[in-house]
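Take this structure, written in structure tokens, and hold onto it; I'll ask about it next.
Order of writing sets the chain letters: A, B, C and D. Residues in each chain are counted from 1.
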Amino acid sequence: MKLDNQTIEQHNRQFVEKHQRAFSYTAENIANAEEILDKLQQFNIAIPSWALGTGGTRFGRFSGKGEPGTLEQKIEDVGLLHALNRSSGAISLHIPWDIPQDAEKVKALASSYGLGFDAVNSNTFQDQPGQEHSYKFGSLHHVDPNVRKQAVDHNIEVIKHGIALGSKALTVWLADGSSFPGQLNFREAFQNTLESLKEIYKHLPDDWKMFVEYKAFEPNFYSTTIADWGQSLLLASKLGDKAYTLVDLGHHLPNANIEQIVSLLLMEGKLGGFHFNDSKYADDDLTAGSIKPYQLFLIFSELVDGMDARGIDHATGLGWMIDASHNLKDPLVDLLQSVEAIKIAYAQALLVDRKALKDAQQQNDVVRAQEILQDVFRTDVRPLVAEARLRQGGALNPVALFNELGIRNSLIEERGSNTVATGL
Amino acid sequence: MKLDNQTIEQHNRQFVEKHQRAFSYTAENIANAEEILDKLQQFNIAIPSWALGTGGTRFGRFSGKGEPGTLEQKIEDVGLLHALNRSSGAISLHIPWDIPQDAEKVKALASSYGLGFDAVNSNTFQDQPGQEHSYKFGSLHHVDPNVRKQAVDHNIEVIKHGIALGSKALTVWLADGSSFPGQLNFREAFQNTLESLKEIYKHLPDDWKMFVEYKAFEPNFYSTTIADWGQSLLLASKLGDKAYTLVDLGHHLPNANIEQIVSLLLMEGKLGGFHFNDSKYADDDLTAGSIKPYQLFLIFSELVDGMDARGIDHATGLGWMIDASHNLKDPLVDLLQSVEAIKIAYAQALLVDRKALKDAQQQNDVVRAQEILQDVFRTDVRPLVAEARLRQGGALNPVALFNELGIRNSLIEERGSNTVATGL
Amino acid sequence: MKLDNQTIEQHNRQFVEKHQRAFSYTAENIANAEEILDKLQQFNIAIPSWALGTGGTRFGRFSGKGEPGTLEQKIEDVGLLHALNRSSGAISLHIPWDIPQDAEKVKALASSYGLGFDAVNSNTFQDQPGQEHSYKFGSLHHVDPNVRKQAVDHNIEVIKHGIALGSKALTVWLADGSSFPGQLNFREAFQNTLESLKEIYKHLPDDWKMFVEYKAFEPNFYSTTIADWGQSLLLASKLGDKAYTLVDLGHHLPNANIEQIVSLLLMEGKLGGFHFNDSKYADDDLTAGSIKPYQLFLIFSELVDGMDARGIDHATGLGWMIDASHNLKDPLVDLLQSVEAIKIAYAQALLVDRKALKDAQQQNDVVRAQEILQDVFRTDVRPLVAEARLRQGGALNPVALFNELGIRNSLIEERGSNTVATGL
Amino acid sequence: MKLDNQTIEQHNRQFVEKHQRAFSYTAENIANAEEILDKLQQFNIAIPSWALGTGGTRFGRFSGKGEPGTLEQKIEDVGLLHALNRSSGAISLHIPWDIPQDAEKVKALASSYGLGFDAVNSNTFQDQPGQEHSYKFGSLHHVDPNVRKQAVDHNIEVIKHGIALGSKALTVWLADGSSFPGQLNFREAFQNTLESLKEIYKHLPDDWKMFVEYKAFEPNFYSTTIADWGQSLLLASKLGDKAYTLVDLGHHLPNANIEQIVSLLLMEGKLGGFHFNDSKYADDDLTAGSIKPYQLFLIFSELVDGMDARGIDHATGLGWMIDASHNLKDPLVDLLQSVEAIKIAYAQALLVDRKALKDAQQQNDVVRAQEILQDVFRTDVRPLVAEARLRQGGALNPVALFNELGIRNSLIEERGSNTVATGL
């Protein structure tokens, strides 16, 4: 299924008048509205291939219908999202769930939807049928060099697939850890991980990045070998210039100040990528901005400030991706909601008067500093985000159009009710 | 596979001399050692049928081998545990995973292992094949009365199975909740749950109890309809005298003082049952006592004190059960470790000098009160627990005997490598 | 210092044109704008007398200047706030910090600023000079009946002061708890608390309420005797119809779903009062809405929904108060920021389309339910709040006017640099 | 007041027979008992001068009596502790609370009690009378270079005092942070801190260490500029070989795996010092081992393993200190309890069979690894700790002797009831 421009234009006609009024009202208070619109148009958030199906928990999974069963269908799904919101122009593949049999064909298909390929992801947290060694007790940190080698080889394989598709980064997320005191020698686990990553790093093309992800806990429940930003940064520093830390919003201990972490990683030149989701308790993987939208804005405020301080291009300098789970909602609609929330936070961050904020900070004017951020956060910037989308040919109300068109029903018709996407 | 007494006696012979020395040393400092030994012998912790297989997380599962594929094999497994430790004399079934086709035969089989049937558990957090209504959006709290009715009927069915087997309690754990703000009307969800529970309650035999379990989060990530002890107590109070709160150690927010909750529930006459496990981050379902053994002791100290204050029999007054997940260890060995840790905590709680503690409390002698508890906790009571086991014909070192005998290998031979137990 | 209408009008003249444009734009999309404006005008949040000075931590305190040194000056401060925002029309006194020597005079003074007297607060968490018994080990829960009696008598005294001033509620916050395992018998502590509260309750006039506050931890670090809403509700239920639970936003364990608690307390008819502040880590007592503004909105959404379901008047049915600490900011400015954030959340809660939300919930349309709440939250309602303020004669921009007028400097001139307000 | 050997010997006579029996029983199962006893005898934990008085919270303080009012009295107090337990042979001073007027005299006095001087501590989290610039908005991270200079100068002054007394380390704990989003530019705050620390570092003698402490939150409630081990390590690495990270057990986010952090810092050669206390909720500063004794053991297990791996001397290689607050207990008794708990944990860590643990880890034998640690933790090692103390001339039961001798009453007689120690 492919959305044509006419369908979208027709939809927009219902809303455009109201939108124009809102946009005029909003833009008239903003000096650099056009500049912000430009940045919003350039900003894309990659969609991971495993987020297109229904997610679940260890207690089970309530399947949706019409899920994409093949890589081609996953690309189709992301294509639909991108047609609707013009901000989902890349897909992030997961190996071995999405091994492209014919890379050229897959690239061409993606290209027909205006999509590129974001970071490729390896999987050493599950055993695949026929696999020689088990990852039950870890992969890159494993005490057995044979297991480490298998995991290293897998990552090298993933890089090869990525090269074929035009990806420019490898994301390494490791479930490696321990569930009981005594199970691991922490130092040995760290050193093994470092040595394994070095092996993989050797195979990284010059224009690639390696993203070293961290996570506080789950699926291991006592320790994780790359558990926090400090451990990831230590590894990335020892690995070299192409290695970076990747921040996933759900991978922290309770109450962590993520925006500060982001800021310091940018300061060190070591923030590589970002996985968006939201959470209340643990790695809940909920829709971005659905629980703590102010935190999302504060993070974006640090991202914008930190990128600008180093001259990093907002659109291309870091890897942006959604990494959420859709246990209750239609995955595509949920992704549309996440992208919208992210772009709202980004737009608000762009609106921050950096000079005034700096002044307030220099005077320790806490009230004023708080007000500068809150004024922006309380501003309704949805008309800006919508205008950017409109100018690119997207839908003024992507969720409404998705529903109007009965897209899920069309997909069920095409694919059937019982298809299950690979993923968690 | 069934362990005979001779095997166990032979094993004990290796250890008995060393044990006797340790026991004498330990007992000589304890005035009421025999009384404590009696209580330890009477104390049993039920094993849930779903804890006999390998557990997993949403990221996957690394299967063990020789898992019990049928109810009969599950009973056999618990029989093995009970033969080894003499403290696992009951099994807690889960419907529909363990529907007994012929209750009398199943009872006889259990009886042949010295096992009884603990609380029966309903399951309305997963959909079963052929089920009319889905529990995706909850069960007893559901907005649709048809779904509620289906869930109520299922619980009534579970009670019937329980009656046939000689169970005396129904445990209701509900995953019902919401993952996004707005999804639920909290009051309506609570009232629906109350009405549904009332329906089930009507079908409860006079000598039965209903255990209303609570859990802070997971599998829902914004709200749970029975989220804490306050909500459970409110329901249990409105339901009537047969309804009680059930406490699972892993079901609390970070840093909760569980021992205080336990104490107050006992004060209110509303503590019904207890699920043991341990955790560091969330509902990690680790081996009891493996992370916070002092907390386990403090909880037992409150249990003993609170039961004694109300004249509740330790062995029979409350429902005791392990509810852990074994993602990395052999489930049977893990259960042996949990039982051992629980009995150690119980033995220590029995050793607390209640009169001295009361005196210290009356004088606000914080140092002395702390020392009374710490002295007991620092005492090595393993010889007491071992002696109680020995007197009942159990093994002095159950884990060692399990390994010596190659029990898992025997089970693999009997059952095969690829059996998978029902459960999480 | 007293602000006259002219000063405020003059200030408003600078902003009124811009405001009118914003208000028109905002109101045109709202069917019942006038009704919402009415409610906003009626809504007042009490200011506690102890929030008018600089706060501190156990590590110290960096005093501000010109703090109110007497009850009369505290009333003057609240009068200033109310003149600016027209929403701070009540003051909540703390005994013994604010013992009114001449109640009639104090009432007349307050009345001259348009202020009434909110709940009175007792203090049994600190020892006062000359006090017979110490509260080091608690007050209403104390093992010594003499200490309990002293604390009960103090509360009765507080009620008398409240009657003289026209208060209608007593807030009981107890620091009672323990810092080490063993220190307390939890059941006895609970029963002592209950008996003490019963004594106080007897002296409560018929038209008064007793608010039983709870707090998870601090200043005790192992247990608090009234630690959560369940414990508070249990006490309030046993006490009688005039006893209610009071919720302070900062008094919960990490990640607690406060909005659900609020909803259930309203369902049970037992929510009495509310203390506003915000926090990231513990009871941080930061400005309302400064850290988790979406949570504040969600709580208000439940408050509005729950009050409407029981026909409770928004303005008078519950006790609303700010309870924050101002360690870094000017206390008066900080309070203005808190009131603004609270009114924004209230306005947004009033905007929620309850019928549409109900419909979405009945259909388990999670996406729609989320969007209904988010749409409102993303709407800029500041023009509504400002309009309500304007109609009542308040300042369009209270913080700006406070600064323009150099109010703090005037207060310093009046009161001196080294005055220190009583409080924490 | 000074304890003579005779008093202690007399006390020991009551307990020695029972002790000998217990020690024989315990030692007979331990191959290297003498080696462990040696290490226990060499192990000392410094006492901070500010821990000798009653602590408090922002809600108040319930003073004890007979608190040390002068530096000399503080030394006397630590002397008493050391006489009792033979493990408190150093005192850690805090400037400006403990400025030694005559360093030689102070050294001689300390020496007469067998005490040395541990790390000196600077204070830039409070303003001192007459101070030119305020630390309200931070010190080393401050936007104003004058404030930074003042704080740097203070630290240099502290080093000078330390040199005079024979200290070999400076501990820098900074309260610097922010309480509201926007208040700080995180990067600038970090860079300012780094530059300030570099200035101080220049004045560090060659044989000194600088300990950079971190803390998650409090007294600032939104961000702390050195908030976690990653930030501290980053600073220490940039500063140079004499800079190290200092770990305080209470300074982490909920559920942090502190033992893993300790292990990695040792791996990096950057663990400098350790502050002991215990906590349930936040930086509760409770008695070491009073809440999570198993965690304390696990940390010691990593300390021993990590120090041995790098050939670090246990007694002298790292800075060991108690940093607790005594709000309810007699400070001296509380410190005796902390030292005892720490030595128990250390003794248990020394008992771990490292070879067996390594073997279990190499085989991923999770059960066995857990059992190795738990076996040790469940062993009653108090007789070992007591024997070490006895051999050094300490008391078999320090707390009992403290009470028997009525030491606090003697101190009250000497010092009076109303003395208040400087500190928190």
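The rule we apply is simple: a residue touches a chain if its C-beta (ideal position, glycine included) is under 8 Å from a C-beta of that chain, and two chains touch if they have at least 3 such contacts.
Keep in mind that what you see is a predicted model, and the values were worked out from it rather than measured.
The interface of B-C is repeated, with over half of its contact pairs matching by residue number, by A-D among C-D, A-C or A-D.
Note on interfaces A-D and A-B: more C-beta pairs are in contact across A-D. With centres set at the average Cα position, the gap from chain A to chain B is 40 Å.
With each centre defined as the average position of its C-alpha atoms, the distance from chain A to chain D rounds to 43 Å. Counting only residues that touch two or more partner chains, chain C has 136-137, 179-181, 183, 216-217, 222, 254-255, 257, 280-281, 287, 290-291, 294, 328, 366, 370. Interface residues of chain D facing chain A in the complex, by the touch rule stated above, are 136-137, 143, 178-188, 190-191, 216-217, 222-223, 227-231, 233-234, 252-257, 259-260, 263-264, 266-268, 294, 298, 302, 305-306, 309, 357-358, 360-362, 364, 366, 369-370, 372-373.
On the side of chain D, the complex with chain B involves touching residues 25, 254-255, 257, 280-281, 287, 289-294, 328-330, 333-334, 337, 341, 344, 366-367, 370-371, 374, 377-380, 382, 399. The part of chain C that touches chain D in the complex is made up of residues 55-60, 62, 125-127, 134-137, 175, 179-181, 183, 216-219, 221-222, 254, 279-282, 284, 286-287, 290-291, 325, 327-328, 424.
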